[in-house]
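The two complexes that follow have chain A in common; it is paired with chain B in the first and with chain C in the second.
Presenting the complex of A and B:
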């Protein structure tokens, strides 16, 4: 039982810090140890990077995809499916949700992919440095109109979102602070880029124009001076509200679902003690995200939070594709595959607004639920896929299975997935209609393969399976 | 900002560019390979994208500056004879045009104007079977050599598709391949293969025996102040034309050509350059792309879109546009001494001329 508990805990870690893992990988990771696995995840540089060249050999249009889907989605999905550095990709998705920037306005997947690359590279590093980098990121500058923020005509879009959605949260600043922060970022813009016709896209480059910067005195969050943008970020990261805000985001993404961000100023966190623990790590480490994640993944509040997080569409799609296997190389139709999260409500590289996506139960509606179930069921019901075959082979090694054994075996190897007694009873009732499942003869083996696939399909259609 | 590259005993002058990004008609869409026919005609195999746009072979008359002309298009996306999923290799024997489709594992044959004639190909690893066929080249005797990339070997077929011979296997030893891409033959019939994942060129005898290898893995260094034209380069630096100091280091080479002197040209795809080697494999020069003059079709795009011209005039530097961005294919035209490079991510051809009578008497101009 202790070993089974280790497997369940490792499966939990890999679902949250990655995109899940098959049984072979879980067993190898248990042998390596929980803490060692956490350290490996926290240090992606110890694992090989995704081979971009192979993607470009088959799908050259994925490098500079322009403004039309799905080639940008092909690029990000290829990374998500093939990465050996799952937490690096998870953090890229995390920051993509926090610093949400979308193709609906940017009309340029190249720039959005470049921003994702930045999150991969810096997502577990110094939050202050990341905030400064994103303030200089031309994609963000265009998205939030800072190229229209002039010394003589202030545009508050970036200044406001910096405080409201990227660092402090509503209630921790005043309208005057927004104005003053915006003044400090005047002149932060980008060079005119070479236009897309006739040879395709070229990137933006950050440019600081001192002649367009308002160098006057500003008063910001109780500080007074002739602040530039970097000074504003230095003041922001020292605010207690900043630590609370960033850590609540991390808790919501990795531990358990919180209310939507706009409600954070009126609704207390579900676990204030956990937030306090993360906040302390954030401040003690001087904004080092890796240190906060180390505390998070090793905490009891994380280990006890199994199935308290509703899977995002990206987690559903990527987790399923990695689990069943055979999806590593691009192929015709990879574009449609890459758009699956969008069909479930999470259009990667194109969030609905600067607020990112609404998470938790808001992922689910009648349409998105059907899209989730149909997508996953289509994969786990295919015994030719390596991950499904691996489950069948493990069950087969146990000999003839009773209905209860079939249900419990499938639940175990698909997660382990924890379901209510009522759900299990319904699954067993279905299995009983099939009788014993065995692989003794060629005919029964064919039927048994089919039965396993159908049982997996039933499980992925349960309420419980939507949680991670 | 040189347009003339001077190297040991050789001079290369940039001539002009041909093409623009276009999913159909006058332009290219991610060329994977290319071959030349008589009279300065090129056949270019375009990969296209996941919206099923752009896949095709286009037949283009290169001409001189401003003379590019689209002659035909064929092998567009679709099912059935004469249609493609993932076009890759293209070759001509002067009469027919052969095109590989690396998804359908087939070779389709067209006449020189693009009329479908026949096709063959079966997935697998047995004799005559194909797995992701890539580059193609026709031998003087009319046989077709297919880079059977997924099987890490070369196979020789008659023009009708009858299997004749094979050589190579997976690996990194002499005569072994790792996902090879482009191919060419020299005047003596020797075979040169871009051994893509082994980051080298291999030279084989006409019978397929290993003779020589060129290059080793290496990326051009990225200067600290580099401006990345794409996340994977090329990289430009204010401190000078950056990152191209050492010839002979290759990063996923995709194609190879040999000129009438025996000089060897390698499309050093991942390093965004064409490396020139002498016949013994010694590095001679690098061409990095010099498209300072717009192609005819490119200029048409600009003329039709005044906003683009306005933006171009405001751009601080157009240098990123001059440079190669993942060049996939290189060919040498012995009729004109021209080196033609398929500049894949920029959807154009860049054309250089090997100048044999270059004289510069005065250094004190």
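Presenting the complex of A and C:
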């Protein structure tokens, strides 16, 4: 039983810090240990990077996809499905969610993918450095119009979102602070873009234009000086509100669903003590995200939060594709596969707005629920896929299964998934319609494979399975 | 008004991405049209001129036929003040009638709630598109969202063997029984059961359907065919929604924009022929809108986000013609390079709500708006 608990805990860690894991991997990781696994996840550089050449061989258009979906989606989906550094990709998704930048305006997946690359590279490092990098990121500058923010004519878009959505949250600054922060970022723009025609798209480059910068004195969050953008970021990261804001985001993404971001200024966190623990780590480590994550994954509030997080569409799709296996090569048809999260309400690289996506129960409506269930069911119902085969083989090794054994075996090997007594009763009732499941003869084996596939489909259709 | 007793039905076709007004309804006599469209202008001899002043994009021939029959109303210069020029925000405003704050209730979601307050029919609203449109959202209002082909609509389509399927869907229903007060689980339960029930009802539609009309093989035509199938099945559906796009033609506007309109118009042509063949056209009103028009001056290969755009209405009870004013293209009349809206979109909604859908428009549109006379 203790071993089973270790497996369940490891499955939880891998669902949250990664995209789930099959039983073989879970067993290997349990043998290695929980803390050691956390450390491995926190140090992606110890694992090989994704092989981009394979992507290019199959989908050359995914290298510089321009503004048209789905090639940008193909590129990111290939990385998500194949990564051996799951936490690195998860953090890239996390920051993509916070610094939500979208193709609807950028119209250039090359730039968006390069921003994702930046999140991969720096997502677990120093938050201050990350904020500064994103302030200089030409894609972000264009997305939030900072190229229109001039010494003589201030555009507040970036200045406002920096405070509202990227660092402090509503209520921790005044309108004057927005104005002054925006002034400090005047002149932060990008080099004149090279026209797309006739040679195609060129990468955008940051440019600081001192002549367009308002060098006058500013008063910002109680500080006074002739601030430039970097000074603003230095002041911002020292604010207690900043630690709270970043840590609440991490909590919502990794631990348990919080209300939507705009409600954070009025609704208290679901677990204030947990947020306090994380903010302490954030400040003590001087904004080191890796240190915060180490505390988070080793905390009891994390370990106890099993199935308290409604899976995002990206988690549903990527988790399922990795689980069933056989989806490593970006073969023709990968375009539609990579758009699956969009069909469930999460168009990667194209969030609905700078606010990012609304999470938790807001992922679910009558359309998206059906889309997610049917997608996962189509995979787990296919016994030719290696991950499904692996489940069948493990069940088969137990001999002939009673209805209860079939249900419990499937629940266990799919997760372990924890379901309510009522749900289990329905699953067992269905299995009882089928009687014993066994692989003794060739005909019974064929039926048994089919039954396992159907049971797995019924399980992924449960309410409980929508949670991680 | 509908001459028959049949309940009025609204079909909304959303042109997602921001449709270019100037190249849709072309003011060909206005020299400013040529001046502003050096790169993406439509050559004069290609324009489908339908009166002395305006012509359609060359790919809109089927729509011109509707105009010639007097069944197409064009509402000009539709928008709202201070267009944010963001797809999301702008679409949100059109969907919720809330230009100042983030709205939570869709305008059509509120209509559906009024039609079916006790949620007796989960297919009052049927949407064809990959995700749920905000226009249809209202607390407690179910929407049947058909993402793929209608024939395959339903949970677990891979379990097809009849007894198995019935058993499995029965388990599903039991597993989703919502326990009051259980928060997210209750919400999931209700949502799951609504979609299950919706799928059950809708599956009869393609089975009952037979037609001589051939729809083109395009996504929008497939959606419209699905709408026709459900409408003919008389399941009590009143609000249909679908979309086509992306009209976000920043680059390569020609031929991209024309191809988009060709798909829309050819799909609509088949749809309307199908409605007539089945004697089901007299209670249908078709609405076409986009979240904004595009910049007056082109950018060298396309057009950027703009403000005012046209709204189209079609149907047996539509009084064809121009409504409202085409906003001036004169530089001094533009707002940040964009056409200044002359008609509030809520005026159009208000007319549809009161004169067609027969509900009180004021609470939905958030005020009183002058109505336009495009309905007989």
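Note that in this section the second predicted complex is superposed on the first by the 468 of 468 C-alpha atoms of A that agree within 3 Å, B and C clash if a C-alpha of one lies under 4 Å from a C-alpha of the other, contacts with A are read in each partner's own complex, and residues count from 1 in each chain.
Keep in mind that, in the parts below, a contact is a pair of C-beta atoms (placed from the backbone, for glycine too) under 8 Å apart; a residue touches a chain by one contact, two chains touch by 3 or more.
Bear in mind the structure is a predicted one, so any value in this text is a computation, not a measurement.
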Open item on the list: A:331 in the overlay: touching chain B, chain C, both, or neither? Say first, second, both or neither.
Closed with: first
Task: Which of chain B and chain C A:3 touches, first, second, both or neither - done: neither
TODO: Check the residue A:454 against both partner chains and state whether it touches chain B (first), chain C (second), both, or neither.
DONE: second
Open item on the list: One more residue to check, A:200. First (chain B), second (chain C), both or neither?
Closed with: first
Open item on the list: Contact-wise, after the overlay, does A:105 reach chain B, chain C, both or neither (first, second, both, neither)?
Closed with: second
Open item on the list: By the touch definition at the top of the document, which applies to A:56: first (chain B), second (chain C), both, or neither?
Closed with: first
Open item on the list: I'd like to know which partner A:70 touches here: chain B for first, chain C for second, both or neither.
Closed with: first
- [ ] Indicate the residue numbers of chain A shared between its chain B interface and its chain C interface, in ascending order.
- [x] 195-197
Open item on the list: Taking the touch rule as given, give the residues of chain A at its contact with chain B in the complex, in rising order.
Closed with: 52-53, 56-61, 63-65, 68, 70-71, 74, 110, 113-114, 117, 191-200, 202-203, 205, 331-336
Task: Complex contacts: residues of chain B adjacent to chain A - done: 20-21, 27, 29-30, 32, 47-51, 54, 85-86, 103, 179, 181, 196, 227-232, 252, 270, 294-295, 297-302, 305, 307-308, 311-312, 314-316, 318, 320-321, 326, 344-348
Open item on the list: Give the list of chain C residues in touch with chain A in this complex.
Closed with: 86-89, 102, 127, 130-132, 137, 142-147, 154-159, 164, 167-168, 171-172, 174-177, 184-185, 187-189, 191-192, 194-195, 198-199, 248, 250-251, 300-301
Open item on the list: Please output the residues of chain A touching chain C within their complex, sorted ascending.
Closed with: 67, 104-105, 107, 195-197, 257, 262, 310, 342-345, 352-353, 360-361, 364-371, 373-374, 377-378, 381, 422-423, 426-427, 429-430, 433, 454, 457-458, 461-463, 466
